[in-house]
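In what comes next, chain A is part of two complexes: it sits with chain B in the first one and with chain C in the second one.
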Partner chain A sequence: MDVQRLRLIVQSIAFILLIYGGLFAIDLGNRLPTFACAYVPDNGGGCFLVGFQHMLSRPLPQFMGEQGIRLLKAIGIFALWAVVINKAWCGWICPFGLLQDLLTKLRTWLSIDLSRFSWIAHKRYKSVKYILLALLILIPLGIGNGLISRDWTAPFCQMCPARPILPLFQGDVSEFMIDFTSIPTMLLTGAAIILVGLMFTTAFVKRRFLCSYCPMLAFLSLFDKVGLFSLKKYGDLCTRCGNCFRACPMEIREIEEEKSIKNLVTQDCILCLRCVEACPENQALEARFAGFAFMKADAKAFLNRQHGSPAKPKPTPAQKKKNK
Partner chain B sequence: MDNNVNSRPAAMAGGEKKLTRKERIINKVRLHLSMSVREIFEKMEEDETRPRSMAYFDNILAKFMHEGKGVIKARAGQKVIGTYCVFVPEEIIYAAGGYPVRLCAGSHDSAEVGEDFLPDVACPMVKSEMGFAAMPILEFYQQCDMVALPASCHWKLKMGEMLEPFDDVHMLDVPRVKEAERARVYWLDEVKRFQARVEKITGKRIRRKQLREAIGMIQRAQREVHRFQELRKHSPAVVLGRDALEVLNAYFYDEAEPWTGALSELNDELEARIEQGIHVAPPRATRIMLTGSPMVFPNWKVPFIIEDLGGIIVADEFCTSQRYLSDMVSVDEGTMGDMLHAIADRYVLPCACPTFSNTIERRDRIARLVDDYQVEGVIYHVLKGCHPFDIELKIIENLLQEKGVPMLKIETDYSPEDVEQLRTRIEAFQETLSGRR
Partner chain C sequence: MKRILVFTACMGLGGLATAHFASANPARTKMPMVHEKMAMKHSGMDMKHGGKPARAGRCTPMIRDYYWLDYSRGMGMGRRMRVLHFKHNGFPPKPSANMRWGGGMRMGSPMPEKKPAAQSPVAAGGRDASSRSMAGGRRMAMRPNAHGRDDAPANAAFWLETPDKDIHRIDAQTPGKMSFPAPQWGLHKVFAYLDGGVKADVRRKHFAFYSFYSHGDKAVEKQPPVLDGNGYWEGKPEFQLTRIYADGRQRYSTQTGQQAKFRISLHGKPLKGVCVVMMTQKGWRNARTTDENGEVSFFIIKEAETAGGRESRRRSAKYLVVARHMEAYAGEIDGKRYADTRYLATMGLRVRPSQLEWESKSMAFLMAGFTVVAAGAAIAIRRHRRRAANNTKGA
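And now, the complex of A and B:
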């Protein structure tokens, strides 16, 4: 089975569940570590970040009581999801990820070449998502303690590019606008619209451009070490051919470069498993769930995937004679 | 050997006499080459267990007895592009409708001609290549519309200018420190420059579809190679090492497609043999791996010694053989840029050539071969004058020592003079190997 096709199917099912699930009375809870946008009217599950930001907008002393317990419970549910599914949330479930992947399909169909970050730039921009994560914690705390105006409420949701877009799938256009109520709301919702624009334009030069800056990915990656999914590399079998690095939508260089680190679920990895598919060396890369290797790099399978149907070479004259 | 073989046209303008002398030399070299090739084939015929499907490959190399006529099957008007080493992307040549021929050479006789261009200490491979380029000994060396020469070792680096009087040369600059980002970008540019040059020679622009097909064609060849190597792991061995060397060597001159078909037949035959329990060496034959400077037909000196003495070459780490088609292009998005990038990476990043700064790829490859093929001893072949492989010898020796696998270093060239001496040393080595069991 072609894993990338399987992934597309899973992503599509997840998309339908998360965006339209409410219409069929499906509810996966509102602590999901993925962009199941809470502004979608009848969604089948909600994004963790929205509730998280609201819960944080409280005066500090309140956290000593019931509020604190509520917060801990929310984080606990998030952590559970994060441990069980890791960042496969990003690669296999996130509706916003699917949209970006589909745009990439459109790009390759138009045969437009990909462009890559220089290694140094890539490294530098990686920290942006942690800064966003810190801000979406600090600003609500500031609001709750009277330091920051209420206009900054749920700041990340206001600037999140998924909020204007995902409700559109239920015909709700009300989020697709800039909120001119005050300067902060204008700045934040304006940023969201700019990000939407960026998403559509960068899709024609890059893959998963916005994911590298996503605070959800930053939050999830805190659980990398304990996640049940892992990517394992047997360094002595790896030729450092670079195939995995080229295939990686997140441009993760460690996947090729490392020969000694065993678990290669790195900060940006979305567990799409493209690297395992692109690896031509038997068993050099391996994807595991709870210690069980469910997918291994395999030279034969690699070649079958690569050249598709015309597998049989033309028969030589001698062969033709034999067949007669 | 007569020394005055300066074959620039100017030098020949002197008159009849010089011309005839050149012709005399050519005739002599052709005769010697054809004799040494005949000798090889006679010896191979003695081997009754030889797979019948080897005939296809024999057929290609036997043409060396007749000035190489018909070795390459380029169609009328198809441009022939000579390549050296393992860094020239054949996919690009095929996609542009060209016919690639790998020109790395192994003839003692042409090496003697080549001595006029190079210092004594030069490796016999470059000497042999120069000899073939300068004199019409094998036809296809004269048929090349262009030759692509990667600047790998220092001999190859300087050979470009030496070849210029005889060939249209395109130098490819292979980066040495392949971990560097700029090196990779630069090499990709080199590949694109090569593409432009090939397109100019063949007069055909490479489109997405042709490139994808060319990649697929090589991938299909690689699939058979992969099968073949799996079969070589079998113990007792079902194919001799020298035959395996021949199979890959025939790829130098053949087109990928028919060659793949022939190898697939050979693989079928070998599979059938395993079922029938036919093998080419007794179960107790010492399993030997070759590494070091490449061996090219007709330099079958060492393989013959090893296998005549009852050993069996189960694997090798030569750029002219097992390593030639082992690394694979991985097409990801299938756009032009993606495919070119994939091709560029395939020819440099996983390559274990000692002209790169690091040795880790080579160390890991050798360690893996030793394990996978149950190798009992390694013979490290150094061509006199081949510094890159000589330099890495110590590192590989240490690695093998750690793994507890004995290694024998042999330093030799293409001349038959040291055969007896080599035989004595290899015999002693194989005895120690059997003694260790």
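And now, the complex of A and C:
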């Protein structure tokens, strides 16, 4: 089966579970490392970042006691999820990622060309997600210790573009708004709305544009080395044709250029496996789970995808006679 | 080009469908009638702030001799103790210690007057209060308990119902003031009962109710529930004032523009014709009588306007609901005979501004649309320039 088709199916099922799961009494917990937005009225699971920000909004001495244990427990659950399927949360489960992928399909259907950032720009903007991650940790700590106004509570949730968008799938328009309570809330909710606009526009220019700046991806990348899900490259088999780089929605250059590093799950990788699918060299790339290679680059499969499965040659009249 | 046209048409149709859905769903989009005049029209009353009701009858909004539970927030994040005051009369309450004014005024609170810095705060209005100005906005702080009395006779008893429906006895540390932990996650209910004794051949029984939501604090140990109480607590208070939610889901805050419904019952049976009064901090009052099911509903009006025209969702106002009922129930207590029993129940509400007062959806849609257009134009221009540059190079 085509892996990308399988991925779309898995993403759709995950979307239904996470957005409508609550309607069927499904609850996958509120420590999920994906944008299962807590603002969706009857969601089937909750995003880890919501609770994480609220848990950090406490005075520092409290972390020496019960609050610290609760925080460690939450991070432990998150880490467990992250270790098991690693960045596949982003590539295979994230509901917001699915929306971006669907917009990309729409772009393909409309025959609009992609644009690419220059390599320097790409490198420069890569750090944005780490800055956001640092802020979403520091701001709640500042709130808890009386240094920052409570209007900055859960800053990332206030500016997350998933918050206005995902509740719309349950007919809830209440989160698509600008909060005029104070200047910080106005700025943060305004930023969320601008990001929504950018998501729709940039989807026609670049694949998974917002994922490049997602602090959840930055958080997950802390567990890259210990994740059971991995992506291996055998540099000696690689011909540097560049197919993998062109197929990659996150435009990861290392996947084409690297020859020495075997594990290719980089900061931005979302484990969509498009690179493995696009690789024309036998076994140059392989996806592994707990050391077991479940998908390998295959020249034959690559050619089949490019040209369709080879049709059987029609028998000549001489052969027909022979068969008879 | 053809595909782009089809896509644009689909988007337009989708937008129209969304608009139609939004207008057809009154629960989400209907503007609540938050203004007082509308509320008066809605409630059939014609009265001004502190005025007298136009409708004559036995049920008047004048209430005397009532006890009520007032909630004051603990200070700082992660507070563990809840603080409640049991007060005698004195509603609307005066600003309390942690009440402050920033860019606007707190909903329903009287606007603090500007005073010269040299003036003694105690001398200002003869009130035992202190105020100070801070850079970047007005800020006012007053001493706690300087206004509104914590006044509870020793025989007042308090209980806490946790989300698990366990009942705990609460002890008042000082007369009328109690602080207690709320270890569980969910809606907590506090009941107060006071036997007012016999006055003018009428026995008076006072009940007070207050609900609050707690996010729980597991650091506080769960207390053992009271099983039998002191004889009064045999389950529920005999005279009950209960908040009813249309969809059965309890909420921890009430918003302006909502209909608040209450049920009055005596010994578990709904009471018809009980006079119920709603009071707000500015002095607006409304009186209504219960129907056959013992139910009465009030429109939660908006009382205060901020200078900027927009409210803060974090500001709340205190509203009080009072139900009174006289029953021809004779008896004797402490050697005093009485012919009737007067039941009086109060319930405090914290009312927050409705969502429409602090948010703007139209602005959000406009901003999103503007971003799409601006970013789209920027991308188109960039592509056009790049193509032109490539063509020049090629030539």
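Criterion: the second predicted complex is superposed on the first by the 308 of 324 C-alpha atoms of A that agree within 3 Å, B and C clash if a C-alpha of one lies under 4 Å from a C-alpha of the other, contacts with A are read in each partner's own complex, and residues count from 1 in each chain.
Quick note on the criterion: a residue touches a chain if its C-beta (ideal position, glycine included) is under 8 Å from a C-beta of that chain, and two chains touch if they have at least 3 such contacts.
Predicted, not measured: the structure shown is a model, and the values here were computed from it.
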Touching partner for A:194 - first (chain B), second (chain C), both, neither: second
Partner chain(s) touched by A:138 [first = chain B, second = chain C, both, neither]: neither
Chain B versus chain C as contact partner of A:180, first or second or both or neither: second
Touched partner set for A:259, first chain B, second chain C, both or neither: first
Partner chain in contact with A:278 - chain B first, chain C second, else both or neither: first
Chain B versus chain C as contact partner of A:62, first or second or both or neither: second
Touched partner set for A:111, first chain B, second chain C, both or neither: both
Contacts of A:119 with chain B and chain C, given as first, second, both or neither: first
First, second, both or neither for A:243, with chain B first and chain C second: first
On chain A, the residue positions that both chain B and chain C contact, one per complex: 111
Of chain A, residues touching chain C in the complex: 57-59, 62, 65-67, 70, 106, 109-111, 115, 143-144, 146, 150, 164, 171-174, 176-182, 189-190, 193-194, 196-198, 200-202, 204-205
Chain B residues touching chain A - in the complex, by the definition given at the top: 56, 179, 181, 208, 215-216, 219-224, 226, 257-258, 260-262, 264-265, 327-338, 341-342, 345-346, 349-350, 352, 360-361, 364-365, 367-368
Touch list for chain C against partner chain A, complex: 3-4, 7, 21-22, 25, 28-29, 76-78, 218-219, 308, 310-314, 355, 358-361, 363-365, 367-372, 375-376, 379, 382-383
Contact set on chain A toward chain B in their complex: 108, 111-114, 118-119, 235-243, 246-247, 257, 259, 274, 278, 280, 299-300, 302-303, 306-308, 310-311, 313-316, 318-319
